[in-house]
Structure formats: structure tokens, C-alpha cells
Amino acid sequence: MNLKKLLYIDRRIIYLVVAIGALIPIIRPIGLPVEPTDPVIGLFDKLESLSPGDAVIISYDYGPSSEPELNPMSSAILRHCFHREIKVLIMAVFPLGGVNMAIREVERITSEFEDLEYGVDYVNLGYKDGGQAAMKALAVSIRDVFPADVDGNDISAMPIINEIRNYDDVEVVISLATGIIGEWWADLVNAQFSVPVAVGCTAVSAPKYYAFLRSGQMIAVLGGLKGASEYEELLRRNFVWARKVYSDPAEMKLAATTGMDVQAIVHVIIIVFIIFGNIMYFATGKEKGR
Amino acid sequence: MRRICLSMLAIMVILVAPHLAYAQDSAPLPVAGLEAFDTPSDDGSSVTLRWEAEGNVPADVMRSTSRSGEYEVVGEAETADGIYRDVTVELGVEYFYALAFMTGDGTVMTEAAGPAAAKSNWFRHGRKNTLVATFVMFALVVIYVTIARRGKELYVRKIAGLNAIDEAVGRATEMGKKIFYIPGIMSLSEIQTIASLSILKYVAKMTAIYGTSIEVPNKDPLVFSAARETVKQAYMEAGKPDQFKEEMVTYLTYDQFAYAASVTAKMVREKPATNFMIGSFFAESLILAETGQAAGAIQIAGTADVTQLPFFVTTCDYTLLGEELYAASAYLSREPVLLGSIKAQDVAKAILMITMATGIVFLAFKTDIIVRLLETR
Amino acid sequence: MRRTIPLVLTFVVGMYPIFAFFVPHASISGVNQWLDRALMIVAAFALPLGVVNLVGMNLTKIKQKREGWPYAIVLLAGLVVMAYFGVIGVITRQHTGFHPTFQMLFDNMVSPLQATMFSLLAFYVASAAYRAFRARNVEATILLVAAIIVMLGRIPFGDMLTGGRMTPLSEWIMNRPNAAAQRGIIIGAALGAASMSIRVILGIERTYLGKSRD
Amino acid sequence: MQPLGLSIGVWVNALLTLCILSFLYKDNPFFRFAESLFAGMSLGYYIGIVTVQTLQPNLIRPLGETFFGNHNYLLLIPMALGIMLYFRYIPRISWLSRIALAVYIGYYVGVLMMQKIHGQVIPQTRDTIMPVTTGGIDALWNLVVIIGVFSVLVYFYFSVEHKGVVGKVSRVGIWFLMISFGASFGYTIMARISLLMGRFSFLVNNWIRPMFGS
């Protein structure tokens, strides 16, 4: 019967529908609403609770393949920090391109702020190999782990480094991570040195990180594009500057909020397929599929 | 700038020491009870200062090698922190510390605390609970392995995915097609990979006995090397050393996605009867499993990477979940010694559950002693 | 001798980081840090093992004109070009880091290939969901329902349809039952790994050495 | 007008992207070309990375600067271990290659074991100890988590037959696992779509639109 054929629908039809669903909003954005959730609010509140001059570490622990998810997150967090006059130490422990992500993002966002001073308000420390060993060593002295910044400048002359010596002077570590590195910050840095850790991760890692969130090993988890779009929404709700930044069409091309349109449509497509599959399954008398 | 001013002021203050006492009398200091001591449980790289604070003002941390000597600024602190760790110390040198504040009348300094010297310690006291846990785990494994060695029968339940291995190899033999064994993408530094190799050995023994062809494509060169030894040994133990070919274990590339591309291409072109995906996987899990599924292979997966389990569960015929992967290596060998260690795992789980239950009951009676015992540092 | 030396070494080297975990003394942690770096060097030496195998296989393919041999030429060409620009800086000592061409090839060729291969997952996840999420039995139905609730909670439509109840519900699932199951798996797997570690350190498990137990 | 080099880069990038995407339809020569190129170039890339980021700073440079100073001669040990890996091709001393593996595995097994016990088992156990008598609705949800953790751990019990009470509890464990798998799957779809979006927006915004000058 033909119904049976529908049950074993050619995968390529699914692929085609998904492709079309993803292309449309890219060509013409829609702008669907977003509601922030607690795991994301956790980071927002933490940064709001800091006073100007407090310091955070942002570690770029992802490569080009996770850019679409993590770049919008990084942009939103950096903007938040700089507007609140929080000092930012930027670093990377991800070997494959983490430092490139950091350079590009930092250049892009700092160019929006006129009175930021490199070496005073923020510094890009660059990449350090040895992952966990480096993370541990930061507890003793940041200056020893990173004798030079990303461009090879001696950092001992920079005021920010004299104020922020090690984890004791850092209010929160924000890791934008892919794979296992976000966990290292919780397992290792939070567990051994009790620094609060917030992780912005790809949506894949987020379910696992809820366990860390519950146990307090992470204070916040931003999961994928949705996490990023929620952070953008929090900024928009609370700050005038954010409403301006996140309505500029050029910026919106990069923002997570636009991405959420694609997400919404493709999710609906998948849900429709699942429902369709189940209807067919029961209509054909529970055909045993493998 | 502020630092330099403060330091200069501080030095001036020291030079005019009598005035210091006067300043202390007139303005009450925002801190009390300053003490300096070697940071416990560290490798000797720091000295810790501690004080009680009233209010929150910025302070300069001053240090000297003698009580009445010249003090220099070594850092800044906020009084509300209550604690400061000086990491610029030399191992074994004795230091005196004081805090300096800017007040309306100028700079004031607390009385010096010390002497304190950093020393390398021999034990991390915060890790006593971990030490106990490690010791218990070792003891359990040793005890149950010994019991098993003495010949006591140990029961281990059936694990569905493992029984399916025989079936899957049989299917490939009947169809005259290949078996792919993918040992994950991590190196030998990952314990899952080691577990995977011992399952590989079992599978390779079966293929040796039935004369089925097997291919093990690798991402990590060390695993490649070890997998080749493993398969070779399996063929020797099965009494078919002449049937082992080096091409059974191949190296593809070190890149996660290039590896996935090559393996999926192989799956589509060679249409294996069975795919084993056992070890540590990341995002490539679904690329491999979905392509294998579309190519019509029976698939058996196993991983302890929680993030990838949903994808294997939905696309493979059998999946070894988390701990089952580790148990599998012991279970397949059916060697009593290894079964002993599975029993040890179970006892460890029982101990943990009892600890949790006790802790929950204690909490109901408003005692958090168990929670505090489990604090880790 | 041939059997004992590797086992004794595994034991000694395996116990060291365990010991060092509890002993912060500089003399102990120093050795640990050194081992960290030393083993990276050992791993680096293993790479040629794989390269030789891959090059050998593809050369044979070309020589015997096996099916698809022209692609073997593409593969070898890519390998040689990329490796050349990768190591030339070190050999000639002209660059401290990478040759600029190396970075350019990575950005315009390797990186898009990686990203596109990765992006295939969007399609696979859809087809896997279509096939796997069928209400066949209790377990499969639970899987299906949880998946749909969370999917709806991730997109604005879910809240629109239910008056804002979908996001909290899906957060609850993630935070409570999901976190509980993940925790169970994490604890179980960690114990399994620990017991496996002990087996390796004590020399009970030694398949990885290629040698069987005696 | 874009500089020529840049637009060639964009073209190569876009065409390779399309070659890989074509695999979704079926295996074809374009995909096969891209896949072979990818395999070769990526391995070449890692040869460069390992040489420049591991061997250069950790072995070549220190030994080049001073051999005896800083105890650098000790680096000959990992180097020797690395070379031993190749002894397996020489039958008489092939057993020496196991020494390298034994050291490598032994060390990491020890390190990981401590990380699992200290970083996972103990904290996750501690956090399961939650109040169930105070805190209103939260107490109830805490109870859900506790039941979940316990039942999943019981599911992982290997030395007891899953019958009777144990069987029922482990069934509950399976339900929790299914909720978790379904929820994680649903949650992850988002990440996968993001990747596809990154590729599509590159094709549309950086390749097609500039081609038509918009």
C-alpha cells in the first residue's frame, strides 16, 4: 500500500525541506520573540552585581566550527562587560583556532567603544597550550602563565596585570567552550580554586552542564544560539544602548536573534515530520520499523 | 598612578613612624586582627593574609623582610575580602606584612603581622575525602579480584548490546560482507579507548574464527598502533595468525570531521554488514551512525560520553550506556578476575547510595555534616 | 622481562599522578608538570606512524590503478602541500609560527570543509528524529514526548501555543529528570573508569599492550 | 571591488561547501574529490600543528638553546619513548614499543582516575544530598532528582539480577534515561541547525549576494 511508502519516506525529501526552511529566514529575517531563562539570567545577574573595576576572565575555547553559536554569545557578553566598566582578561586554551576567535571578536566589539584602553580595561593574553596545566597555573600567577600578550608585548607593564594577579582577583570565569573544555573549568578551576564559573557552550553540551549548574559548579550555562539570543534579549530589556545595537541591520545579520528564526522554522519542520511519522505508523497498523 | 602615590606615601609614613601611632589613635582602622601565615596545603608558592574587616575600603598590601624595616607595596586588596594571597614570595624567606590605607589624615598602616614564610607542604588537607574514596576504590577492586581468583562464582547480569555482538558478527559472515570497528576518536589517554580495545579483541577473535573480514579505521595514531597489536594478537589466539593482514587496521586522518567524512564515504561505498562504534565520540557520532543506518548496517555502539548517547540510542540497534562500556570489557572476557572488578564497582555504587541516603536523612534533621564531609578542593 | 617491564612501568607511572594529587610539595608537582609535557612529545612522535600508513596505502592504490586511484593523488597532493607549509617555518627558521600560506589554506579550504561536514548534522538530526521518534512502546513514547516538549521549549512558538508554559516545562525537564539521569550516568561511568584505571595500573587489564593475560 | 585573492578564497570556500553538501543526495565524484582533499589536507594541517605547537616549543627549541642547562637533556627520555614506538617494525626488539605505550597509558589512567573521583563522583554525590522536607515545591522536585539518580544507579547494577524490586526500580531508571535522551536530543537539534545556518549564511551573504552586487 502507498501509506507504507510514506512511512519509509526518502531521507532526501526531509533534507530538502530542512534546507528550504533554513534558507528562507536567512534571505528574509522574521524576528520572533525570545524569553530569557534562569541559566542565562544567572550570568547576567552576576555581571550586574559586579562593580566597575572588578575583573572577569573570558576564555575562548572554541574553533571555527562553533562560530555561529558562540560568536553572538561572546559579542553580547563583551558588550555587557565593557558597558559596565568591568575589566576583561581574554585568553584561549582551545588549540584549534580559539585565539583567532578571540582576536576577531575583541577587535570587533572594542571598536564600538571609544574610551577603552588596552592593557587597562582589557587585555588579550592569547593562547596557552597544555590546557589543564595552564588553568591550574593561573591560580598562582597569570603573569607567569602569560608572560606576553597575544601580539608578543610584554604584559608586566600593563596595569591590568598588576591588579589582577590570579584567580583570587577574578570574580567569574566565563568559558565559551566547545567539547570538554567547559567541564574542565568546572571540574578543575571551580572545584580546586572555588572561582565562580559560567559556561557558554554549544547546545550539545548544555544538557550535560545542567548537572554542573545544579551542583553550583557552574553559576550559569548559556546553551547555544538560544542562550545567546536570550542574553541579547536581557540586554535589550535593560539597556538603551543594547536596543540600539540590536536593531542595526548589519549587526542583526550576526546576532543570535536572527538565527532563532531559522531555528524556530526548522524545529517546526522536524516536529511536523515526527507527528506525520507517528500518524503513518499507526495508520499502517504499527508496521515494525527498525 | 595611584599605586605610585600610595607607595611613596607609605614610605614617607614609615620614615615618620611616630606619627603612625598618632594616626592609629585618631582614626579607627577598618581592619583588625591581621595575621600572616604559610598558605596551607600548597606547593610553597604563597603566603596568606587574613583579617577582620569593618566596611570596605581599598588597601595596599605592604611587605618587608624585617619587622621595622622598609615596607614595599606588593599588591592591592579590598578590606571586605578578608583574605589576600601573596604569590610573589620566595620559598622559605620570612616576611612581615601590613595593610596601608588612605584616610583623610594621610596614610595609615596596621601593625605588622608575621613573620611568615612560604613552605612546600606535604599534604593537601582539603582532599582527605578524595584520599579515602581512592583508597576504598583500590581496596574494593583488590578484594573482589582476590575473591574471584580463589574461584568464587560471581554473577553478572546480561548486557543486551554484548549478546548482540555474536549475532552481528554472524550476520556479516552469512552476508559475506565487512565489519567496521570504529574505536572512537580519542587517544589512549582516554580510558574509554582502552575499554574499546579490549572489546575489539573479542570481536577480532570472532572474525578470525568465522573468517569474516574486519576493518578498523583510526583517527589517533597511538590507538592505530595499539589496535593493530590487539587485532594481530586476537588472530594469533584464535589460531589463525596467517589470516591477519595489516590492512585490517588502517589510519585515516587526525581531523575529527575529515575522519568522519572518510569513514562515512567508506560506509556508503563498501556497505558493511555491521558497524561497531565503541569508545569516546563527539559530534561525529551522528554523522557516522546515521550514514551507517542508511547504508543498512546493524550497528552496535558504546560510549560513556553522555552528550552523544542520545544519538547512538536513536540510530543504533544496541548501545552500551556509560558504565556498561567498562563492564563490557570485563564481561566479554568472562575471566573471573575481571568480573571481580565489576562487583567492586557495584559495591562502590552501594556505598555511594548509602552515603546519599544518610545525608538526605541528616539534612531532614538539620545537620549538613555529610555534605560538609564531601566538600572538595 | 619483556612482560614485566611494561607492567612495572605502568604501575609506577600510573601511581605517580595519584600520589601527586595529594602531595602539593614542589618537588612532587614539578615532576608531574614535566610528565605532562613529556607525554605530549611522545604522542607527537606517533603521528608519523599514521602518516606512513596512509601514504603507503594510497601509493599502492595508485600503483595498482585500483578503483578511485585518481582520488588518491588528490589526497596525497593535499597532504604534501599542507604539510610543506606547515613545517617550512620550523625548518628554515624564517617564521616563528606558521607560513602565511598555511593559515590561508586553512581558512579557505580546511575550515569550510570542517564546518560543512559538521553542518550535515542538521539534516541527519532531522532524519534520525523522523525515524526514531515513534510511539512503539512505553520507553519510546517517553523519549518522543520529552524530545517534543524540549524542542517546543526552545522556540517561540511553544510559548505562543501554551500561554508561556512550554519554556518553564522544558527547563524543568532539563533541570530535574534530565539532570538526575545525567548524574546517574556520570557517577556510574566515573566509577567504571576508576575501576578500569585500577585494573590497568595493577596490570590486571592489559589488552592494550597486545599481550593477553597469562 | 574586492581584492582578487579574497574573492578566489570565497569561491573555493563556496565550491568545497557545495561538494560536501552534495553527499546528501548521493555519493558522487565531487564529494569524493572534496573528501579526499579534506583527508589529505587535514592530516597535513596536523603535521604542521604538531611540529610548530608541540615539538618546536617543547623539544626542538629547548634542546637548541641549551642541552645541559635547565635539565633539558631529560627531554631525550620522551624522545626515546617516541622512537621506541617504531621498534614494532623490528621483530627482535618489537616488545620495546610496548614500553612507550605502558608509560603513556599508565600516566593518563592515573590522572583521569583522580579527576573522575575528585571532580565527578564526590561532587555529584554531594549535590544529590538535597533537602526533601523543606522548601515547598522545590522539595518535591529535589525528590524527583534523588529518585532519578538512585534508579539510574540501580539500572547500572551488574551483579544483581533485574527482577522483583530491583527490576522495577531499574525500569524507572530506564524511564529517566529515556527522558534524558529525548530531552538532550531535542535540545541539541538547535546546535546542529546553527551550524547549517552558518554555512548557508556564508553562501548567501558572502558568495551569492556579492555576485549579484547586492
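Note that the chains are named A, B, C and D in the order they appear, and that numbering of residues resets to 1 at the start of each chain.
Throughout what follows, a residue touches a chain if its C-beta (ideal position, glycine included) is under 8 Å from a C-beta of that chain, and two chains touch if they have at least 3 such contacts.
Source: prediction; values computed, not measured.
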Residual chain clusters - chain C taken out, nothing else repositioned: one piece
Contact-richer chain pair (by C-beta pairs counted) among C-D and A-D: C-D
Distance between the centres, which are taken as Cα means, of chain D and chain C, whole angstrom: 3
Mean-CA-position distance for chain C and chain B (Å): 15
Cα-centroid distance, chain A relative to chain B, in whole angstrom: 23
For chain A, residues contacting two or more additional chains: 11, 15, 18-19, 22, 65, 67, 191, 204, 206-208, 211, 214, 226, 263, 266-267, 270
Two or more partner chains touched - positions in chain C: 18, 21, 37, 39-40, 43, 46-47, 49-51, 54, 110, 113-115, 117-118, 120-127, 129, 131, 133, 143-144, 147-148, 151, 154, 174, 178-179, 182-183, 185-188, 191, 193-194, 196-198, 200, 208-211
Of all residues in chain D, the ones touching two or more other chains: 20, 23-24, 32, 34-35, 38-43, 45-46, 49, 54, 85, 101, 104-105, 108-109, 112-114, 117-121, 123-128, 145-146, 149-150, 153, 156, 177, 180-185, 187-190, 193, 195-196, 198
Chain-level touch network, classified as line, ring, star, complete or other: complete
Chain C partner contacts - residues on chain A that touch it in the complex: 9, 11, 14-15, 18-19, 22, 32-35, 37-39, 64-65, 67, 97, 130, 133, 206-208, 210-211, 213-214, 226, 260, 263-264, 266-271, 273-274, 277-278, 281-282, 286, 289
Residues of chain C defined as touching chain B within the complex: 18, 21-27, 29, 39, 43, 46-51, 53-54, 57, 110, 113-114, 117-118, 120-121, 124-125, 127-129, 131-133, 143, 182, 185-189, 191-200, 202, 204-205, 207-213
Footprint of chain B on chain D - complex, ascending: 20, 23, 27, 31-32, 34-35, 38-43, 45-46, 85, 88, 97, 101, 104-105, 108-109, 112-114, 117-119, 121-123, 125-126, 128-133, 146, 149-150, 153, 156-162, 177, 180-182, 184-185, 188
Interfacial residue positions of chain A with respect to chain B in the complex: 11, 65, 140-141, 162-163, 165-166, 168, 179, 191-192, 194, 204-205, 207-208, 290
Chain C-facing residues of chain B, complex: 41-45, 91, 120-124, 127, 130-131, 134, 137-138, 141-142, 145, 187-189, 191-192, 194-195, 197-198, 201, 218, 220-222, 224-226, 229-230, 232-233, 237, 247, 250-258, 260-261, 283, 286-287, 289-291, 293-294, 304, 306, 309, 311, 313-315, 321-323, 325-327, 329-330, 335, 337-338, 341-342, 344-345, 348-349, 352
